[in-house]
Structure formats: C-alpha cells, structure tokens
Amino acid sequence: MTLKLTKERILENIVKGKRLDSRKLDEYREIRIETGISKKAEGSAKVTIGETAVIAGVKMATATPYPDTPEEGVMTTSAEYLPMGAPEFESGPPREDEIILGRIVDRAIRESKCIDFEKLCIEPKEKVWMVFIDILVMNHDGNLFDACGLAAIAALKDAKMPVLTDDGTVDHEHLKGSLPIKGTPITIAVKCYKGKYILDTNADEGEAMTTQIVVGSNDDGTVSSLQKCGTEGLTKKEIADMLKLAVDTSKKVRTKHFK
Amino acid sequence: MTKSERTDNRKLDEIRPMKMKIGVIKRADGSAEVEFGDTKVVAAVYGPRQIHPRHQERPDRSVLRCRYNMLPFSVSDRKRPGYDRRSTELGKVITESLQPALFLEEFPKTAIDIDMEITQADAGTRTTAINAASLALAHAGIPMRDLVTSVAAGRANKKLLLDMTKEEEDAPDAVDLPVAMMPRTGKITLLQMDGIVSPEDIEKIVDIAEIGCMKIYEMQKKALLEKYSS
Amino acid sequence: MTLKLTKERILENIVKGKRLDSRKLDEYREIRIETGISKKAEGSAKVTIGETAVIAGVKMATATPYPDTPEEGVMTTSAEYLPMGAPEFESGPPREDEIILGRIVDRAIRESKCIDFEKLCIEPKEKVWMVFIDILVMNHDGNLFDACGLAAIAALKDAKMPVLTDDGTVDHEHLKGSLPIKGTPITIAVKCYKGKYILDTNADEGEAMTTQIVVGSNDDGTVSSLQKCGTEGLTKKEIADMLKLAVDTSKKVRTKHFK
Amino acid sequence: MTKSERTDNRKLDEIRPMKMKIGVIKRADGSAEVEFGDTKVVAAVYGPRQIHPRHQERPDRSVLRCRYNMLPFSVSDRKRPGYDRRSTELGKVITESLQPALFLEEFPKTAIDIDMEITQADAGTRTTAINAASLALAHAGIPMRDLVTSVAAGRANKKLLLDMTKEEEDAPDAVDLPVAMMPRTGKITLLQMDGIVSPEDIEKIVDIAEIGCMKIYEMQKKALLEKYSS
Amino acid sequence: MTLKLTKERILENIVKGKRLDSRKLDEYREIRIETGISKKAEGSAKVTIGETAVIAGVKMATATPYPDTPEEGVMTTSAEYLPMGAPEFESGPPREDEIILGRIVDRAIRESKCIDFEKLCIEPKEKVWMVFIDILVMNHDGNLFDACGLAAIAALKDAKMPVLTDDGTVDHEHLKGSLPIKGTPITIAVKCYKGKYILDTNADEGEAMTTQIVVGSNDDGTVSSLQKCGTEGLTKKEIADMLKLAVDTSKKVRTKHFK
Amino acid sequence: MTKSERTDNRKLDEIRPMKMKIGVIKRADGSAEVEFGDTKVVAAVYGPRQIHPRHQERPDRSVLRCRYNMLPFSVSDRKRPGYDRRSTELGKVITESLQPALFLEEFPKTAIDIDMEITQADAGTRTTAINAASLALAHAGIPMRDLVTSVAAGRANKKLLLDMTKEEEDAPDAVDLPVAMMPRTGKITLLQMDGIVSPEDIEKIVDIAEIGCMKIYEMQKKALLEKYSS
C-alpha cells in the first residue's frame, strides 16, 4: 500500500500540474500490444502500459441461447488478478475490485455492439457460439481499466473461429475465419483531483486518487459505456470535460494501435 | 417539455409515482421503504458500530458497507438466493454514491452497514435503493453533507426521457443513465450508462436526470419533515 | 444478546406467571397479516407479530418430478434472516438457525398435505410445477416459528397459477386461478419454563427460554408436524399439555385470521 | 400387545435386533458402534478439549458439537459427500437431545465433539446415532446425568407400532415419531414427528416409544458393564 | 502432533535399524481385510493395519461417457478423513492431504487397468456405468496409502453390478454378477531415512519421516503408478531399491490377502 | 541413440526447443518465463515475507507455498477458473520438488510464495513450471543448494524416449515419467508415473530423464549468467 507521504507528494504535485515521474497529466506511458501470445486460445493479446501487464484470451464453446435472443450468440468476460501481479493480490474467490473491472470491460465490449452476435447463431433457439473473454492481470502498476479494455478488444480482433464438427463437438485445432468483429471500442479511465484531469495513473497515483470516470467509446466518437468510480462526487462540468478527454484519447489510441 | 406518447402516459420529464415511509424496521438504527412505480425497496442502517471481521477496521475512518439484494420473489423468474456479480457490483457502486455525503472520518474504527432489500423489482432498483438508503441514513441520525438523491434518465425511440419504463428500456436505441447527486452542491456521485450515444446527448440526459433528482429531493425532505413533526 | 440481568428478571417473572411487557403467559402480541405485498410473486404475504416482521413469497417454475412420485408437483421452502432483521444477523451462507426454521416450516406445510401436489402435475414423469416458498425475516423480535409459518400459508393461499405457454416457458405476467390449497396448517411454538407454558415469546424472552415444542396443526385439530427444540428435556405430561395448548391456539389464530 | 402381521414378523412393540460395541475408534476419547436392524452407526467423542475456532468458546460452559453424516455408500443412490440441510438439522437436533444429560458448565471454554458416521442407512439413523453417541460419551468418561436412549414409534396401516421399518414408513397413514429420553427421570429430549395424527394418538405413540427406550436402556447399561468388567 | 523428543527418538532408532514398537524396518503390523461391511454399497471393505482403520464403498450410477472414450465406463475415487479419525481432523472442504491420498489411490486403480471399462458401456456415446469409490479414514495410525489402496481394491472385488431397469433407473436392491475386475493392484508406500527403507510407518513415524515413494504394482510384477512424496530428495539407487521393495511387498500382501 | 521416427523428428533423447527469460514480472521479487515447445509458463516469487493467514506461520522455518494454475485459454476446451483437485495436487508436488533445494530454516516465520501460471499448455506443464520456478527463486536471490531441473521421459510405441509429445503420450503402451532433480547431487525431488511398466524400465527411463535434466541445467545456468552479466 502507498505510504501516506508518497500519497501527499503525489497530490501536491498534481495540483501544480506535475507528476512524480515527470509525465504531463494527460501523458501515457508507452503502450504495447502483442497479439497471438497463446496458441491454444482462439485469440489472445498481451498489453503493457508502462510496467502494467495484462493478458487476455478468447475461447469459444457452444451454448444454448437466452430465450429472449434465440438467434444470437452470447459472451462472458471476467477479469482476475493473478497472485503474481502485486504483493497484495491473493489466490481465492474474486474480489470486489476484480468483479467491477470485469463488468466494466464486459459492458464496454457488449454495449458497443462490436461483436455481431447474430453471426454467432448456429441453430436458432438451440445452439449458438459462446465467447469467453478471460483477462488476467500479470503485473499491476495502475490503469487496469485501459489495459484490460485494450487486451479484450485486441484478443477479439485476433480471434479465429473454431470449427464445429459433424458430431457437434468443437474442433479447436483447425480455426478458420475471423470472429465477426466490427469496430474497436476503447476503454479510457480519466481521474479527477481538484479540477485536474489525469490519464494513465500508475499504481501509487491510482491509490492516491480514486475518483474517475471510465468511458467506453467507439470509432465514430459515440460513447457506449460510462461509469463513475471512487469516493468523491463530480460536477456536471467536470463530467463533460472528462468525457471529451476520454473520447479524444480513445481516438488517438485507436489510430495508433489499431490502424 | 410536453405530453408524450409514453407507454404509461407520463410526460417526458415526469417520474413514476413515488412513496416514502420512514422507520419501517424497528431494530435498525434507521430505515425507510421507498416505492417507485412497481419497484419497492426497504433499506435499513446499523451503525456506526464495531466492525466485524476486525481486519476490515480502518484507524482513520468508518467503513461504509452496502448490501444490494433482490429477494427471490421480486422478479418474474425466481432469483436464487445469494450473491452474484451484479449484486456485488451494485453494492460497491451504491457505496460510492453515498460515501461523498458522509463524514466517515468522524467515526474511526467503526462500520456503517446499509442493507437494501428489493422486494419488488421493476425499472430503477438501484436508484430507488439509493433514495431509500439516504433516508435511512438520515433517520439513523448519521451526519450528512446532504441527502443523496437518485434517478435515471435516458433515450428511447429518439426521445430523451426521465425515468424510463422497462418497455422503454427495450427500445432499439435505448440508453439508460442512472444518476445520483447531492442536490445542494450539484455533485454527481453515481453515473453509469449502457447504450450508444454521443457525448453531447449524455450531457442533455444528465440535465434531465437532474430535474428528476430535484423533485425527489423535495419529496425526501418532506418525508423526513413529516416523520419528525409527527 | 440479552443482558444476563434481563434474562434473570424475565425468568423470575415467568415463574410468577408474569411477563415484563405485562402480557399473560398465553397472550399474543397483535398479529397482522397482509397479502399481495409483492406484485412480482405468484403470491406473497407480510406477517407482523408485535415488532417481529417477516415476508414470504411464492414463485412457481417447471421441474422434473421425483422418480417415486412421477405425477406430483414439488415444493421447497427456505427461511433467511435478512441483515436488517437484527444487529447480529449477517450476510452469508445460511446459519444453523435459519436451516432449522426453514425445515420446520417446510414440514408443517408439506406434512399437512395442504398443497394438492397431484394437481401440479403437467406431464407425468416429465414435467411438474415446482413451488418455491421463500421466507425472509425483516425484523426479529421473537417467535419466528409462528410468524414464518403464518407467512408461508398466507402467501400460498394468496398465490395464483402462472400460465404455461405453448413453447414450454412460464408466463408470470398472466396469472390465472389459485394454487390448489386445501386447509390452513398453522405452526405454533409453545415454550416451557419450570412447568409454565408461554406463547409468543419476544426476542429477549426467546433467548432466556429455549425449550419448546413447535406444532403444525390442521383445521380438523390433527397434528402434522411436531418438533422439540432447546436445551432442556420435557416430561410426557408437559408435552401433552403443550400439544393441547398449541392445537387450541392454532384454532383461534385460524378463525381470526383466515376466516 | 400381540403378534402382528408386520413385514418382518416382529410384534407391535418389538424392536429390531440391536448390537452394541464400545471402544471401536482407538484415537477417540470414547466411541461406540451400534447396529439396529440394517442401520449401522459409529460414534466417537473427542473432549472436553480446547475449542477451534476460538470465537465459539463460551466462558461459562463447554460447547457440545455433534456431526451427523451419512457415508456416500450408506444409501442406495450414492450420497454426495458434504453437508446438506438435513445433516445440519440432525446435527442440531441430536445436540439438543444429548445436552440435557451433560454437565457442560463444569468444563468452561472447551468443546465436546461427537462425530456420528452412518455407515449403513435403514430406518432409524438418527435414533441409532443418539444411542451410539450416548455410549461413546460414557466411554469417554464424560459425566452424565443419565444415558440418553432413543427409538421411534409410530403408526402404519392403522396400527400403533414400535420401531417402524422402511416399508411401514411408506404406508399411506404412516406417522413416524422419533423420541429420545433420559430413562431415569423420564425426561424427553428429542421429539419430532411427520404425518397426520390426533394429539391423543401422539400421547399413545410416545408411550410405545418409551417402552422401546427402556429396553434399549437396559442393553446400553449391559454393554457398558461388559466393557468395564472385561 | 508428535512431540519433538518422540520424533528424535524415532529417527535415532531408525538409523540403528530399530523401531520403538520393536518391529523390523520392513515389518508390517497385522493387516485385516473384511468385505461386505455395508449392505447398501455395491461393494465394501474395511481394512485395518494395526490401529489404522479405513473403510471403502463402491457405488454405481449411470453417466454420459467422455467424448474421447465413448464406449467406456468411468470411475472416480475420493478419500476423506473423518473427524473421528484423529484429534486434528476436522470437518470441512477436502484438505491437500486428502486430495493427494485420493488421487494416488485413484491412479493406482485406474492405471493398472484392473477395471474393464469397456464392459461398463451401456450404450456407446450415450450411457455408461460410473463407478464411485469412496474411502474414509476412521482411525489414523499411519500408512494411509497402503490401507486406502487395499480398501479400494477389496471393495471393487467385493462389488456386484446393480440392475438397470426398463425405464432407465438403477435398481440397487437386486445386484447380479461381479464388477469386471481383472487383477489386484496393490499400493505400497516405502519411506526412506538416511539410506534406511521403512515399511508401514505408524502415525508418529509418519510425521518423523515424510520422504517416500508410493508404488502401485500388479500381479505380474509391473508397476502402474509411482509417486515420490515428502520434503527430501532421493538418489537413483535409493529409488531402485525402494521400487524393488515395494513390488516384492505387494506380492506378499497380494498372496496372503487376496489368494 | 539415433534419429527416430518421432512425430516431430526429434531424436529419442532430444528435448523440444526451450526458451528462458528472467525478470518478466516487475513487481515480483523474482520471475521467469519458460517456453518448452508449445508449453509456456510464467513463474513469480514473493518472499521471504510475512505470512497470511497467520496460523500457517512456523516458528522454525519458512513455509514454501506453490500455486500451479492453468489459465482458462491455455487449453483447447476453456478451463473454468478456480482450483480443482489436479491443481491442488500439482501445487503440492511442485512444492516438494523445490523444497529440498531451499534453506527454509534460515527464514523462520515467513512465507515464500511462488505463483506459476500456465499460459499455453502442451505436454510437460509441471516440469516446465518447476524449471521456471527454479529460475524465479534464483532471480529473487533466495539461497539455494542447487537449481532444480525437471523434464519427463517415458515410453511410446516400444521406444524409450525423452520429453514425449502429446501424440506420443497417447500411444497404447505410453508411460510418462516426470522427474525433477538437483543436478549437482543427483538427488531426485519429483518422480511421478502413469502407465504399466517393469521396474527395470523405470530405471532406464529415469536415466534418460537425467540426460534431459543435465541439458536443461546448462541452459538455466546460462540464462542466469546472461541476466547478471547484462
């Protein structure tokens, strides 16, 4: 846990527009995205932002559709902190933070409608494809929302369809064709402290400042998911500013890393 | 705004009928029941009190713990008792929407526990739970910067609307945006959204939600006043 | 938990035939039963006995029958203490007390044969109705057995049948006809302390005196479930007396509250 | 009472054959195995001993903890290992049937643990478990007011019967009423019942169960005598 | 737990080739095997080695075969410490030691191919017999691997097949014919301390010496499962010696107890 | 030994290509990633450090705790997250294969925690995990008697082989025997086996595994040297 003194120094600097690692408030650490990092997955990606490292893998299986969407495939996303990711992470049932992380990334993907679920129908009412996105935090140095969101979409775009054999089992060895993915939703977290907006907080900064909005936005500049987190309230103006910053940032990230 | 063709004949910026009852759980330190259309929530507060398990204790502040729980018969298809990811998320989100209104640092080493039970679930369970919890906190005599007031606004069938119904939430272009705020300062403490929308429309929808919050705020104050003047 | 002094005062008074709230030993606090308290349930009820408050809801679903009763519906009852019900109640897996409470109410309903399970058969061997009775303790001021038993039977009598649609799903919006309920089993707990019999103990009294029999009895005066609880033994005479008191009391409650 | 047409040719007030063996689990402080017809139970006692987890400790008495467990192969369809609601209930019911015989206040801050394992389940597992546990407690040298003795009586095919078989329990008018008592004082410590019956018949059935208990009590005393005289 | 002094005395004696109970290093306590100890099981056995006592029961049920062995029955083995087995055993989820014990016995049975799984096929791809072996430790005085292995194979050899009725349910009351068991795999644990090999350690010895190999071997002297346990390494020579000792011992045990 | 008809054209005593990378997890005290054919494992070490939960603390030594975990997408059919019996067993087996190399008694009251995550699973996940963990321990600066080195040997299609492929493991006569050792003393710390084989052949297979271990040992030393010389 961050020492109280470190926390105070971080906040004093933020007020002056400065950061301890001399980045600007809206400056990212280096982002790297590598796909195809696990041969067994239908799709996979490793994302590093500075020293934060997460991996995501996509697996497919057949499932029964929900009664109210009988012709659509289904999706489930989970995020987990691996014990190796930080000294305080522990093996065990998912913690509150992991559940929130998973659900926010899930919504950013789901609500953007970037997965064409109708193309994942095998037989209406009976059988559809289920897409599992599993995200693992391997090294935690802050900004997990951005990193996990990037890993999820990168793994989806990397994924190939497995083959359904005649006897109904799934052949994961012979993949063919991509998953039906249209668009590239990007999740950006913007923190706020005394009227300053900060991007890409590292682990210490993230503990010092919790209040943020996490925004999932799309190629055309629309927003498809939004969540305020943290222990302080925000004014309408702050929210409007942060929203704009998130959408602008997502465009830059999309252009740079997904062409 | 004018009268609309909303399924339940409400105006675009009109909320469903709301009833508030304070002091419904005798053993709790504070409690309230809020009915909002067909949604019904009971909230009860215990605390500040000693914290169990002890390792959750914080030396410099009270720990606010909120439980959001749907009763098995509150929904069409029976919900299995016990926690799921959704209730864990909502417990956390509600905690963070109430926390800015509290002076937690004044009660170090304690817990403030809020139990919110959804007895009937229609649209708006989380916002109704926040409204009920806020009243229960006031009823428990826990000092607050302001009441927290919550309602959702959104878009359906190309119209921006306050307090959408379940049917409106199913519109193909539906956007649902629950908001909680402290009306005195205008600070927003809950903001979630699903559905595709422009940043500009988000600002407009938040404005509409604010209108709703102000109405509910008046009702909350009135309910508390009646409780204490009776 | 009740202070030791309170406990001693309660017991000293009981021996003299008195109670701290000046009720007679066999006198109830006011009982109120309200049905239809949750629109989403097939049936529901709220019961208050003094400050004790419980709610019960009935939900129906389709299920496979048990192999040994292929033409009968099934039922399951659970009782849960909500954290709001008392300072010492906690969220978590069901405690021993909750399990006992649920099982005793379950048996009182089940053994009375008040649910006509044969009428809940949809297709022999394949599909039957399953009745879920969920009982929640909202405020605990003693005598949960009586309150939960009343809530369960009141919710059952309030319940309407959902409609089975052509494609086999259950339509909970359009209910029609009542559940096939015949008779009104009532659960009454009678406590015993030094030869005195006490009805409707409040929370403090309930902690001071644990030895009791819980009796489920029917419209015709027969008994269909019986359980001794608590840490002391009872003589045969005491049991016979308590049994009579329970059956007589159940008649009064039935007449007054279920016409 | 006279000879009946009971499925196994027993008289109406005759119990199934019963065997008792004391000292079957070497590491336990006390143990016993009881066979009752086709039901077989092993019970073992540890304690009074330090209690874990510590928060269960009581300053003024020992805590009696009983586990009732059916082995996976003790029933026709394999039972999944682990607790279910029935075993939790029976553990509690058995605890309360034995507790009146013990002087728990003489061993403050300790636990007395009884593990009862059903190795073969036919009618009467809970009553047989109580009989075995009672012997194990005596074998462990734990002071007791009296042995606790248990058997069920009931009604089947219009006859009141002692110690019903599984087939008799399936009769359309079946009533099953397990009883435990301390024979010296006649105090009843277990009483449960399923099935529709008049209060008067309950009294008669308890009388029949008492006859059975007295027989088993003699067998328990004899078994203990043989153990200690050998 | 063994006192430190006892532990030291045990080890000092072992080095001299002696044991506190005056057995030779390779000498067993008396082994007794009794079958048919639970009438409800398809097969059952109680094994005692000195004061160690375990029981095992076999139950059968129908199940779906694994996709890669559509014409073979399936098996599952579990071992559990009953709370009565030792003061330190507790009720609860399976501990690491229990899982290891169950898995080693499972592998010794499975890998020996002593169960003819093809004969347990009812209908290819659809329905096969599932064999459950449940082993319970009733009194723990060491050498649980040998005892549990013996109990498992003795229960299997004791087992009769239940009857599949016309409507697909299993009739456990009318058993007929034995389970298709060929051969008698025997599990033997050999401990090693400073170059000495010790068989059949009692509870105190077992705590003083943890390093061992557990060997499952067959009628023809072949080995079908092998696992090193414990906190020390072993040389190749030690392993070869211990392997030979285990196989030789298994022959003696097989001859004496299974004819 | 000579060139064989092995599915992947390796010689009988040839291992799959192996890559080692040290220091891959920044926050850990030590870490390494090892690729072995299509198997990939990341291992990270924290410790010696204070132990939680405290009741696991040992007054006279450090407690080594190893977690072996397959990521959900590391296998063809997605693996549900969470522990199963297999991972519990492998955690224990790996702990015992590493423990002989450590001086646990020098760090009383602490824990040394190793997390091994299988990101891609082909043949040999447990042996690869041991090789990675051993490097991670060295990287963490934890004193060791020797590196622990691990590989499997076995038999397929009547041939004794080093480092079998998944296909070879499916041969009707397949025997798979994973071994770990401390090469300096030749002490074997992991030995498991499935499949029917004579005791004599076991000795031969262990000899083959030893050849593989010596090769990997050289690679481990080289990887560490490169890390510290760079």
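Structural remarks
Labels for the chains are A, B, C, D, E and F, by order of writing; each one numbers its residues from 1.
Here is the rule we use: a residue touches a chain if its C-beta (ideal position, glycine included) is under 8 Å from a C-beta of that chain, and two chains touch if they have at least 3 such contacts.
From a predicted model like this one, the values you see are computed outputs, not experimental measurements.
Hopping across touching chains, the smallest step count from subunit A to subunit C is 2.
More than half of the residue-numbered contact pairs at A-F reappear in one of the options C-D, A-B or D-E, namely D-E.
Distance from the centre of subunit B peaks at E, each centre being the average of the chain's Cα atoms. Of all chains, the one whose Cα centroid sits at the greatest distance from that of subunit A is D. Averaged Cα coordinates give subunit A a centre that lies 48 Å from the centre of subunit E. In terms of their C-alpha centroids, the spacing between subunit B and subunit C amounts to 32 Å.
Centre to centre, using the average C-alpha position, subunit C and subunit F are separated by 58 Å. In subunit A, no residue reaches two or more other chains under the touch definition. The set of subunit F residues that touch two or more partner chains is empty. Chain contacts here close into one cycle, and each chain has exactly two touching partners.
In the cyclic arrangement of chains, the order starting from subunit A and heading towards subunit F is A, F, E, D, C, B. Within the complex formed with subunit E, the residues of subunit D that make contact are 25-28, 31, 38, 40, 42-44, 46, 49, 52, 67, 69, 71-78, 81, 83, 113, 115, 117, 119-121. Per the touch definition, subunit C reaches subunit B in the complex via residues 37-42, 44, 51, 53, 55, 57-59, 61, 78, 80, 82-87, 90-91, 132, 134, 136, 138-141, 170, 172-173. Across the interface of their complex, subunit B is touched by residues 94, 96, 99-100, 102-103, 107, 111-113, 213, 218, 221-236, 239-240, 243-244, 247 of subunit A. Those residues of subunit F that touch subunit E in the shared complex are 85-86, 88-89, 91-93, 96, 99-100, 177, 181-182, 185-199, 202-203, 206-207, 210.
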